[in-house]
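Chain lettering (A, B, C and D) follows the sequence in which the chains are written, and residue indices restart at 1 in each chain.
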Amino acid sequence: MNEPLGPSLDRSLAARYRAVRAHTEMLVHGLSEADCQAQSMPDASPVKWHLAHTTWFFETFVLESHEAGFQPHEPAFRVLFNSYYHAVGDKHPRPQRGLVTRPGLAEVMAYRQAVDARMAALLAQAETHAELAALVTLGLQHEQQHQELITTDFLHLLSLNPLQPAWRSGVPTAAATVPLEWRAFEGGLVDIGHAGEAFAFDNETPRHRVWLQPYRLASRLVTQGEWAAFIDDGGYHQPRWWLAAGWDWRSALGVEAPLYWQHDGTAWTVFTPHGRRPIEAEAAVRHVSLYEADAYARWAGARLPTEAEWEHAMVRTGGTLPQAHGVAWQWTASAYTPYPGFRPWAGAVGEYNGKFMVDQTVLRGSSAATPPGHARDTYRNFFPAAARWQFTGLRLARDA
Amino acid sequence: MNEPLGPSLDRSLAARYRAVRAHTEMLVHGLSEADCQAQSMPDASPVKWHLAHTTWFFETFVLESHEAGFQPHEPAFRVLFNSYYHAVGDKHPRPQRGLVTRPGLAEVMAYRQAVDARMAALLAQAETHAELAALVTLGLQHEQQHQELITTDFLHLLSLNPLQPAWRSGVPTAAATVPLEWRAFEGGLVDIGHAGEAFAFDNETPRHRVWLQPYRLASRLVTQGEWAAFIDDGGYHQPRWWLAAGWDWRSALGVEAPLYWQHDGTAWTVFTPHGRRPIEAEAAVRHVSLYEADAYARWAGARLPTEAEWEHAMVRTGGTLPQAHGVAWQWTASAYTPYPGFRPWAGAVGEYNGKFMVDQTVLRGSSAATPPGHARDTYRNFFPAAARWQFTGLRLARDA
Amino acid sequence: MNEPLGPSLDRSLAARYRAVRAHTEMLVHGLSEADCQAQSMPDASPVKWHLAHTTWFFETFVLESHEAGFQPHEPAFRVLFNSYYHAVGDKHPRPQRGLVTRPGLAEVMAYRQAVDARMAALLAQAETHAELAALVTLGLQHEQQHQELITTDFLHLLSLNPLQPAWRSGVPTAAATVPLEWRAFEGGLVDIGHAGEAFAFDNETPRHRVWLQPYRLASRLVTQGEWAAFIDDGGYHQPRWWLAAGWDWRSALGVEAPLYWQHDGTAWTVFTPHGRRPIEAEAAVRHVSLYEADAYARWAGARLPTEAEWEHAMVRTGGTLPQAHGVAWQWTASAYTPYPGFRPWAGAVGEYNGKFMVDQTVLRGSSAATPPGHARDTYRNFFPAAARWQFTGLRLARDA
Amino acid sequence: MNEPLGPSLDRSLAARYRAVRAHTEMLVHGLSEADCQAQSMPDASPVKWHLAHTTWFFETFVLESHEAGFQPHEPAFRVLFNSYYHAVGDKHPRPQRGLVTRPGLAEVMAYRQAVDARMAALLAQAETHAELAALVTLGLQHEQQHQELITTDFLHLLSLNPLQPAWRSGVPTAAATVPLEWRAFEGGLVDIGHAGEAFAFDNETPRHRVWLQPYRLASRLVTQGEWAAFIDDGGYHQPRWWLAAGWDWRSALGVEAPLYWQHDGTAWTVFTPHGRRPIEAEAAVRHVSLYEADAYARWAGARLPTEAEWEHAMVRTGGTLPQAHGVAWQWTASAYTPYPGFRPWAGAVGEYNGKFMVDQTVLRGSSAATPPGHARDTYRNFFPAAARWQFTGLRLARDA
């Protein structure tokens, strides 16, 4: 691997391509073929599938349209590693991704290398070919999203293993947090959304005007210690804190704590990449659903911020708000709907984001699993209200 | 029955109480005990349950707190006819409402009469007792909502009868529609939501400011003839028009047309309160899900309006937009979330609306099944994206 | 009603027809239209459906082939009230029987009377028309089976009503039971199955030879008091007593006692036609699945008898074994498979029994809900291993 | 590997142990770790699990009770690789076997080798220790059963791969079959079941007397060509041939042909260990459910034989009936119930067979996947009526 994803002298697209691709492979270093094969649930994908699908993305959306005399690496892969792009054609059923043992991991790695070699030839031209450069950049952003999914999906797989194996060795350094403060914002007529030349997903655009009433935002995320107090106070057993759908969800599944939390009779533990460990009172709570986040906020006499409130606060504080990024995605009160004037990208990549704009909730920020350089204040992550296997937490808000 | 729901000389609360309660009973006139017993699906309720639950609402939220020496009509009814108010206590499971054959219809009608008699005594004081008047008014609005549900739920039940029986005799007069025009609105900083003393649900408040970009709104609803053209053009078979969740829904259920539509080999028919009849090209399409409405809009090169766009247009046009009310609820592009500064009502009635603010979509206007006097421009109806058994249609919008 | 089902001076087929039909109507006397409408689960049917289907049987299998100038009472009923006879054509889906509110109960009763009147004309000839007489007799046996189902299905419906209403007034006289004795049988080469001219279902034939090893049979059924001892001994929590499928069933559903049993903290109660009542230690246990019966037998150091053992014992003891009939159907160790040389009846009625000969277990005897005159020692009742809403109990057996 | 499973000079238990264990490893030769990891459905298990579970069987039932100073190889394996023995304790949920990526394949192979080494020491004593020898023999028979499952489960996994990869190279030699003849048997009082000192499962005992009526048995299995004629004649679309449960199963799943059969527009193909290939008219049909076998027999004017008829015919013909073994398991008309006087083995291994004696149907013979030396005429295989992923076919019978 050439370089870490941090600062680099070579800022060319080709260099960025190599760095992102290498980061993926570094991430899965040490995983066995079995580790890469298994699929823990329909929402998650096997690591091997992530490795292949990100490669498929470059082959299908870059090579196929820009490489002279394009020939597919293996025609069957077009269907096998398509995720959901109807414009590309058929796709293999998502819940059966873990059953595809052939091609094996070695063949998928060879597929990566073959596409990388072909991409290298194209990338030489990309600097002066804006459309090509845009597609490559999209492919890299896409691969970074799958880097996060590799982490969350593989952690979920390990969590179901009764041996509770650790993925990472060592013990993480203990978190230290800051006292909770309420930062006040005046609101008014503000602009949110992405503008400018730098990369952003289509769903972050267009930049547009919204009216915000005055509000306050918590200076940091809710901690595991605070969450334990919510549990101790019977928070999971009092319907008054919960949305009706949340209470039904909680009752049907018998949810009593965040995902990966277990009580051993004495104290709470949580399954992490370092194996099962005691919870850390000072660290941000993670792996909570929107339902839980919303119930907690109500119990705490607060509410979740809207995504506009969140983004405006980040801009106004110039990134000085603790824990804005790199800890946990933060559930908002905003449903994932199009910005006024939203236009999906043209072509098949237009299915990237716009297709999902119903019954999902926006999360802002980024998490410990988000790769370096991928986070943005205007970023709109989204998941169904019941999702918990991502690194999802919350920050409170209040009316002024 | 004392009087129609139209203009009346007696505008007292007592008179309104009598009128609304009588309207419910007029609505179910002619239904057999069997008709009132059956429950067609978990989302729908038996007519008998509606008759009892609306009565339970007055007993529980008005009599119990305001009647001296209150004694329950029948203690078991408190649980049996509770819909979802956790603050009131347990409730009978919703999918089993159709299995409660005892109490029978006669006992439920006796329950209605007994509560009406006790309410009459209270209502004499209500004019000068603001809190009591507010609760009674809420109860009447609540009963009107159930009047609409009686219609939609019973129509759904009949639709599943292989004999396709007609509920209403006669043939409705043919609809005539107006040419589609695009009305332009400038937008800007506008106010939406309810203000003032007249009744509104808590979810319509507080009135607040929003920024609207210029937009255009169709002058009328999408018609059945237009919808048939969408079908003929293969609209139900092209994933590009559909949200991903919508396409999955459509594919899993094999949806090919609006609910109640059938093709007899020659032409489309639709099941209505007057039995199965040919579709009417000029009439508004009804019984479509949000998924279908959204797909249609995309196919038509348009989009659904936000609820703020819809409400602002109604206010600006002073109610002169054809088909604003009384035809079909109109799906919007807005998820059902709280207005800025929203506060649910205090007490158990606070569970009325706020508990449902996730994974639901707002509909505006009102339908042919909405009782007279119940519609408002600020009214926020809401249903899950897949719901079709309500009288749900759509009006298109476009960016300016 | 003309006469009881007991001894009668008029033994003609016409008299028997009137008696059986009248018994059905006596059975449902006092039920409301709502009581007759509701369907408590897919395995059970509404009372109204039973009333119509038994009539449909006579119309379809007797009138249609033997009445000159046959015209259907109502053509739609052919599909609506068909249970499963593919040779007759389509059928209405079983789980939706409770949704057919039209025709109403009065129309169904009119259907009964119309068919009865047309049958009366035919029955005058039946005495000298063997094939006709056989079909009428089958129709009467069929209706008697549905009489038992009316009882079990309606009891199940009432059991789900949170008010736990009693169907029958008064209190049943307390049961008295006899001490358990083990009756020894030598076995050897014996004949079982029906022979002779009297009516029997096709599945009881042909009479055939089987070899039985010596065995012992309990003199009476297992009692509720004995069952309570099984519960107290942890019988529902020790997998060693249970078949694998039975343990899975028990664990998945959390079964802790027979159907309709509840523990009020002090003692067991059971829901009966007389409402919820204390269990009776001396009375036979009822409403147990095959899984439970088999587990109990193992716990008691015994086993269930085969159907051949059961039938042979009844023949050898000449009906003197206590509780042989009229208390509870008795689960056997025999799967429901065809007798050697079995031939289903010709025509559509051949679907009556033979279609179900897989994954069902034979029960012998008859129950308190079996109508007078319907029981036979050769009778083969059959239900899936998990069924509990019938009056099902058990009698133990042991190797000699 | 020391030797093939065929004739050997060394007939010691130790030699047989080595041969059976080596056969398992030969069977999975060439499979990747991914191939060994995936689980295609809850009824099937990963190859890696089979490799571990067969080893667990020896560790738990032989080493634990007979090895001095026994220490578990890895305590967690006791739960992880238990299949269903409640007497042993907890077990890992069957549908999640494919999610256990750690231990990896190498660790499982090391587990095999470690247990083999410890077994070698014990086996030296086994020749003179009857109880130990019996347990080892049971373990070997058990492992042979899992050898067959490795084949059927892995074939099922490959069949779901859209690339339809071949497991075995080359092309099998074409089958040749014999003309169908009907062999007559007189029946009478005959003995069936296992007797003597040679190994048999407990469910094959005790040998006992049954009465058989005269019958005829087909000289060979039903062929693929005959099955194609059944399909061509509309056999899958005529309910009259089907058991009610079979028709429901067929209709719900849209079954149109045996498992692994596909029609490419011109002809039928079938997925086999050699990949997807044309069907062979002369070869025995395989991968049919009991429902299909029973329907076919009825269509052919025949029936399935009972297991007693099958076994008696094999004994009387002295193994000269073509295709008795080694082609396909043959569905019978017999439900899997205990033989008269059946006693399960003592201890935890008593759960081996007796726990499953409900709602399963007996199959007789053996299949192409049955390992050499494992078949017996008294062998009672059993599967649910809908199972098709085994090599299951049928032989017809008729009354004399």
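Note that in this section a residue touches a chain if its C-beta (ideal position, glycine included) is under 8 Å from a C-beta of that chain, and two chains touch if they have at least 3 such contacts.
The structure displayed is predicted, hence computed values, not measured ones.
Colleague: Counting one step per pair of touching chains, how few steps separate chain B from chain D?
Modeller: Shortest path length, in steps: 2.
Colleague: Computing the C-alpha centre of each chain, which chain sits at the greatest distance from chain D?
Modeller: B
Colleague: Provide the C-alpha centroid distance between chain B and chain C, rounded to the nearest whole angstrom.
Modeller: Chain centroid spacing, chain B to chain C, equals 46 Å.
Colleague: Approximately how many whole Å separate the CA-defined centres of chain C and chain D?
Modeller: Going by mean C-alpha positions, chain C sits 37 Å from chain D.
Colleague: For chain A and chain C, let me know how many angstrom lie between their CA-based centres, rounded off.
Modeller: 58
Colleague: Identify all positions of chain A at which a residue touches two or more other chains, and write them in rising order.
Modeller: In chain A, nothing touches at least two other chains.
Colleague: Following the definition at the start, I'd like every touching pair of chains, please.
Modeller: A-B, A-D, B-C, C-D
Colleague: Using the touch rule from the top, collect the residues of chain B that touch chain A in their complex.
Modeller: By the definition above, chain B touches chain A via 84, 86-87, 189, 208-213, 239-240, 243-247, 290-291, 294, 306, 333-335, 337-338, 340-341, 351, 355-359, 361, 385, 399.
Colleague: What residues of chain C sit close enough to touch chain B in their complex?
Modeller: That would be residues 32-38, 40, 48, 76, 79-80, 92, 96, 98-105, 157-158, 160-163, 165 of chain C.
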